[in-house]
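As written, the chains take the letters A, B, C, D, E and F, and residue 1 is the first residue of each chain.
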Amino acid sequence: MELFIQFLTNTGYYLADFRHVIMLIVGSVFIYLAIAKEYEPLLLLPIGFGILVGNIPFFKGFGLGIYEPNSVLYYLYFGVTSGIYPSIVFLGLGAMADFSSLLATPKLMLLGAAAQMGIYFTFLCALALGFLPKEAASIGIIGGADGPTSIFLTAKLAPHLIGPIAIAAYSYMALIPLIQPPIMRLLTTRNERRIHMPEMRTVSRTEKLIFPAAGLILSCFLAPASIPLLGTFFFGNLMKESGVVNRLAQTARTTIIDTATIFLGLTVGASTQADVFLTTKSVGIFFLGAVAFSIATASGVLFGKIMNLFSKEKINPLLGAAGVSAVPGSAREVHMVGLKADPTNYLLMHAVACNSSGVIGSAICAGILWSFLVK
Amino acid sequence: MELFIQFLTNTGYYLADFRHVIMLIVGSVFIYLAIAKEYEPLLLLPIGFGILVGNIPFFKGFGLGIYEPNSVLYYLYFGVTSGIYPSIVFLGLGAMADFSSLLATPKLMLLGAAAQMGIYFTFLCALALGFLPKEAASIGIIGGADGPTSIFLTAKLAPHLIGPIAIAAYSYMALIPLIQPPIMRLLTTRNERRIHMPEMRTVSRTEKLIFPAAGLILSCFLAPASIPLLGTFFFGNLMKESGVVNRLAQTARTTIIDTATIFLGLTVGASTQADVFLTTKSVGIFFLGAVAFSIATASGVLFGKIMNLFSKEKINPLLGAAGVSAVPGSAREVHMVGLKADPTNYLLMHAVACNSSGVIGSAICAGILWSFLVK
Amino acid sequence: MELFIQFLTNTGYYLADFRHVIMLIVGSVFIYLAIAKEYEPLLLLPIGFGILVGNIPFFKGFGLGIYEPNSVLYYLYFGVTSGIYPSIVFLGLGAMADFSSLLATPKLMLLGAAAQMGIYFTFLCALALGFLPKEAASIGIIGGADGPTSIFLTAKLAPHLIGPIAIAAYSYMALIPLIQPPIMRLLTTRNERRIHMPEMRTVSRTEKLIFPAAGLILSCFLAPASIPLLGTFFFGNLMKESGVVNRLAQTARTTIIDTATIFLGLTVGASTQADVFLTTKSVGIFFLGAVAFSIATASGVLFGKIMNLFSKEKINPLLGAAGVSAVPGSAREVHMVGLKADPTNYLLMHAVACNSSGVIGSAICAGILWSFLVK
Amino acid sequence: MYGFEAISAHNGWAMAITGVLIVMAGLAILAFVISQLHKVATLLESGFNKQPNQTSEIKARPQASAVPKPPVLDLGEARRHLEPLTAGLGDSFELQHLYKLANSSALPHVHLLIRSLREAGVIIPAGDGRFTWQH
Amino acid sequence: MYGFEAISAHNGWAMAITGVLIVMAGLAILAFVISQLHKVATLLESGFNKQPNQTSEIKARPQASAVPKPPVLDLGEARRHLEPLTAGLGDSFELQHLYKLANSSALPHVHLLIRSLREAGVIIPAGDGRFTWQH
Amino acid sequence: MYGFEAISAHNGWAMAITGVLIVMAGLAILAFVISQLHKVATLLESGFNKQPNQTSEIKARPQASAVPKPPVLDLGEARRHLEPLTAGLGDSFELQHLYKLANSSALPHVHLLIRSLREAGVIIPAGDGRFTWQH
């Protein structure tokens, strides 16, 4: 009988409190958005279900929780804390990426760089709000709008914040269609939005083959700490472009990235245990995340306008908004807003170019911040 | 020359004794059953070959054996001892499972619950035979007729018994066609076997989408310790039913589960090293395993008959036998026995429903027993 | 400002020296050979890019380098140092291999054995050049012309040489078309090269099913230390031949081996950090590697001629060259040289038989050397 | 220690009975909830059904703003516009997804376009009812 | 230490010779066993050949007990009966497996049934000669 | 500690400015290099173009040395010659690879041969434009 009592006192029904309920609702909302609204389902669904899994109340010290060594979740979560999953995801992304539009219009890279200002601005805001430098850097990187990059840097600098930062990053990436368009319209005139981009030149196979090697060396010589992300990213792309290892590239962009995505999402979600997640810090992080995305978008657009002051060949400043990557969401938004202004204005390919450089840009920023703050 | 002697004394030819021979024969029998009889080949073949690999005599302390740290087998076996493989297999099973028939006829779930009595009965028998509680629980779970569940619980409670318990569980699962039919016939009248089940209603997509979340919360709130199994199981099913992450679901039910199955089978087989496997305990385990399967089948069938006493809408008691899961073997046996009694009696879909609930049921039991005995 | 300086002093631009440049060029050459010449691209491309990744200068003690615990590369490299990747690659190779030609003409196995003399000859040379026994054995195994086998043994005996030995092994495997033909021609008369091999008998399914088990037991009873390689190799082959676990065999020969290949190549390449790679030892290893391949080829061919002295049914001595495996390069070379001598002389299938036995042979040798030197 | 003695000594009876009760209770609750699920479902249907409408209005919106643009029917150009859209879907995709994306990118006559791409073998099957771009 | 001196010092000659002998012996034994394998094979054939017969009798058995049931030819119903059978085979399967399962589930005219399911596109190819259910 | 005070205390301004400068500089350099890439490319083209010629001469070479051998058109034999070649390519392969290998193995009328193997269903599609051997 006392066994029965004792068991009941270990059930979730007994251990649950309002915080678990809140988190279960949050998780359900994520799942709902993923399925009903199809917002980034590949990310929101695993994370959402992970939140459910991670917030089932259980008796601590039992070897069950994601933070208890020897639990299955702990081992699966190791891929996050060690940075392995982000690195593998970048391998697959590289094997999917097509840099032709970037290679055809290199100057668009500057927009990808400009959009990174959101990272540093948010970093300063976070410091001002009293976050420690390492926390502030991890929060700032949300402005890079790259899930794996954010998770990677946070795992290295402030592992206790992986949950909230990942959730914030992915939530705002899912909300790109609501965040970016107003900012773009606010900062651009109708005429600017109507600027057409010139037809792109076709890019030779050799260029595509040299780029991954050149990109790796140039980026990582500058910021060696971005090797774990850009190393696999460019490797994946070389496998794809080379055409001589199709079976490897194919595996990288299907099974390998899918597997990493499943376990990354599930465990990141499960890492949001009510007691570690529902803190004032998380509130601050969500607020700053919104700042990060907005500033990133704005600085990209504004930099586009500045470039137009100095170059005679005008570019469409909307493209700056695609510099925040959030692949491929932001590129599509830019395209849509451009179409709104002029139904014959196809910005998609150029926006994709900014996207790619945005990915590289924020990986470099992660390297920079890491090397600033590691010591 | 003495080098030559010394080498020869390290060869299997020199080190082998009759126990190795026995195990090599056992392994060959498994392989034969898998290939010639096609009994559960996905399990018996890897396990059978693993038995061969694990029973090649070698010089201990060499870094070769599955129980010697740093050996390759040791690392691959870690997925078993840590419980990662079973968890991953359940992810894939979830991504394959179709719960429509269960959702259409929920009351069949009780049969899945009843069949679990075999677990506790065997648990008591094992205690009575002098096994320690943790060992007894691991032996009892064989009655769940779920390989991964048995391996998971044993890895947590009595890792030294993983080999014999896994072998027993999978052997009897392969022998379902010989074990169950006689018991079913013994306990049911021809008229009972001829009971037709009503046509099933069609289940809406929304129901299928809510079930994984609801199932997870209800089961794991009651038995949090079953999170590692049911968490991934329901996650896999949500990925499948959502339809918005097909590429993930596809990977989960192909590559991911295949890979886990290969290494689970191979290492579980290799863990049956003659010296640790050929013990009186193993004999007891095999005997108790047979008890477990028989009692599980019987209690399922009998509970079906009891239900008929109280509800006016009669159900076919044979379905109780499908509550032991052993997916999909038992469901097929129920179907066949039903057909024998009345060639127009199609029980398959309802049997599958019991199967599913049997899987959930024994995962819950694993959680319960673990939480009883972990301390 | 001093932050800026301090950052610059951590960039690759500041830290780079001529050795990094050399290695970056080496890596680029590998990539070029893989893409432009299609020399073993599945190996040379990942290794080549890995060399680039591993030779980006970075500030040590930062958690970045492949030799610094907790770096992502360190964890991925663990699959190499632990011997897991080679073992998994052999699983996939087994699931691809077709032993029918070997089963039809067993005596060709002796050629596969003879070619292994290159291993021991090189082992002696390495000792003579002042290498330590464990190093010498790892260098000798290059003569086996099996990448995974070489990496496996080196990881066990002389992990500090994994980089140079793997690079040497794979380079020479890529250069097979340049190394072998001259030696073959030198050691055989035109008439010998023109010897036709008899039509092969067809092999029954049962033979193909028994072989993996028999092969495992016979090889590993003799050299238990080759279990990690031959255990998975024959397991993969049984999965393939059984026909009852096609989905597992399919996964083993696609995703599983591809994934292992990607990370094996990338990390082995990255392990060639300039400071640990550019040593006089590496020079010696490359020299000895060339010796190993040449002697292996020669001894295979010569043994073929010796066999002809004693058996009336002459075999074509060229086949001996295929005993060094280097699958499938050497088999193709033998075939080509045979065709040169007589355009109607199709040696391919018999050469493949020697290839297979060469793989088994060098795995056994790895086991032998390991057991000689482990203590 | 053997037999009943061993069982009682290890508190076996209690564990067995409690265990049976719990699993019975658990699955009974689950069964009950499931039996009520279709009611919850009908409630939520509305929510999930928002999606079709919403996507359909997405369809509607750009269609409106799109002036028919014949030259797009040049398949080469069409592909250059559509291929980037599918990048996010991995190397193979389902036509309905491509269709949705194409719509939201406001290309005219999307149906016509995709069909002709199929017929021209620019989009080729990749097994499992998925498709990919001919390379 | 270099040259022959080093070799002897490290017992190199012994290792090399022993090594060569062992690998030679090992593969020689293996070669011999293989050359005898076809004999063992012919012995075992009987064992492995049991399978076809046994499955065929499985086929026979239910066929007998099955009264022809035309309505089953309604493909919808046919699918509802067959799909669960294939659950165990993963998301795609080979027709011969489906055929075996269908037989053992005693459906009448299985061949006819499966063919019509194929033709009706209820069962669709999934590459590699495998098939899956149209969703 | 909050506000500007916190920022300066943690050397925030320096980090932010340096960070911006570095990433700007980095991508600017990359952009510049990329813009020059097509020049490097044209230089290297020669190198990469060696491949086609070289393979084509491979094609040429054996073709020359191969006396037409009708019996090879017996598909069974053809397969026995070709299948081992594809072993290295995994269980499925692209026809062009098979073609290259077949050429380098000096079989006559390779094109004709492979086409007839396709038509005879000895080589069957395995999805993704790859093929495999009918078993």
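Everything below uses one rule, namely that a contact is a pair of C-beta atoms (placed from the backbone, for glycine too) under 8 Å apart; a residue touches a chain by one contact, two chains touch by 3 or more.
Just so you know, these numbers come straight off a predicted model, no measurement behind them.
Relative to the C-alpha centre of subunit F, the farthest chain centre belongs to B. Of all chains, the one whose mean C-alpha position sits at the greatest distance from that of subunit A is E.
Taking the mean of the C-alpha atoms as each chain's centre, subunit E and subunit F sit 33 Å apart. The mean-CA centres of subunit C and subunit F are about 22 angstrom from one another, to the nearest whole unit. Distance from the subunit C centre to the subunit D centre is 44 Å, each centre being the mean of its Cα atoms. Each of residues 3, 7, 35, 38, 209, 222-223, 247, 250, 254-255, 368, 372 in subunit B touches at least two other chains.
Contact with two or more other chains is made by residues 15, 18, 22, 48, 90, 127-128 of subunit D.
Taken in their complex, subunit A has these residues touching subunit B: 3, 7, 10-13, 16, 24, 28, 31, 34-35, 38, 41-42, 45-46, 49-50, 52-53, 56-59, 62-64, 70-73, 75-76, 254-255, 258-259, 261-262, 266.
Within the complex formed with subunit A, the subunit D residues making contact are 11, 14-15, 18, 21-22, 47-48, 50-51, 54-55, 62, 65-67, 69, 80-81, 83-85, 87-88, 90-91, 101, 104-106.
Per the touch definition, subunit F reaches subunit A in the complex via residues 1-4, 6-7, 10, 12-13, 15-20, 22-35, 37-38, 40-41, 44-45, 48, 90, 94, 128.
Those residues of subunit B whose C-beta lies close enough to touch subunit A in the complex are 82-84, 87, 91, 156, 209, 212-213, 216-217, 220-225, 227-228, 231-232, 234-235, 238-239, 242-245, 247-248, 250-252, 255-256, 368, 371-372, 374. Against subunit E, the residues of subunit B that register as touching in their complex are 1, 3-4, 7, 32, 35-38, 96-98, 101, 250, 253-254, 327-328, 331-332, 335-336, 339-340, 343-344, 346, 348-349, 352.
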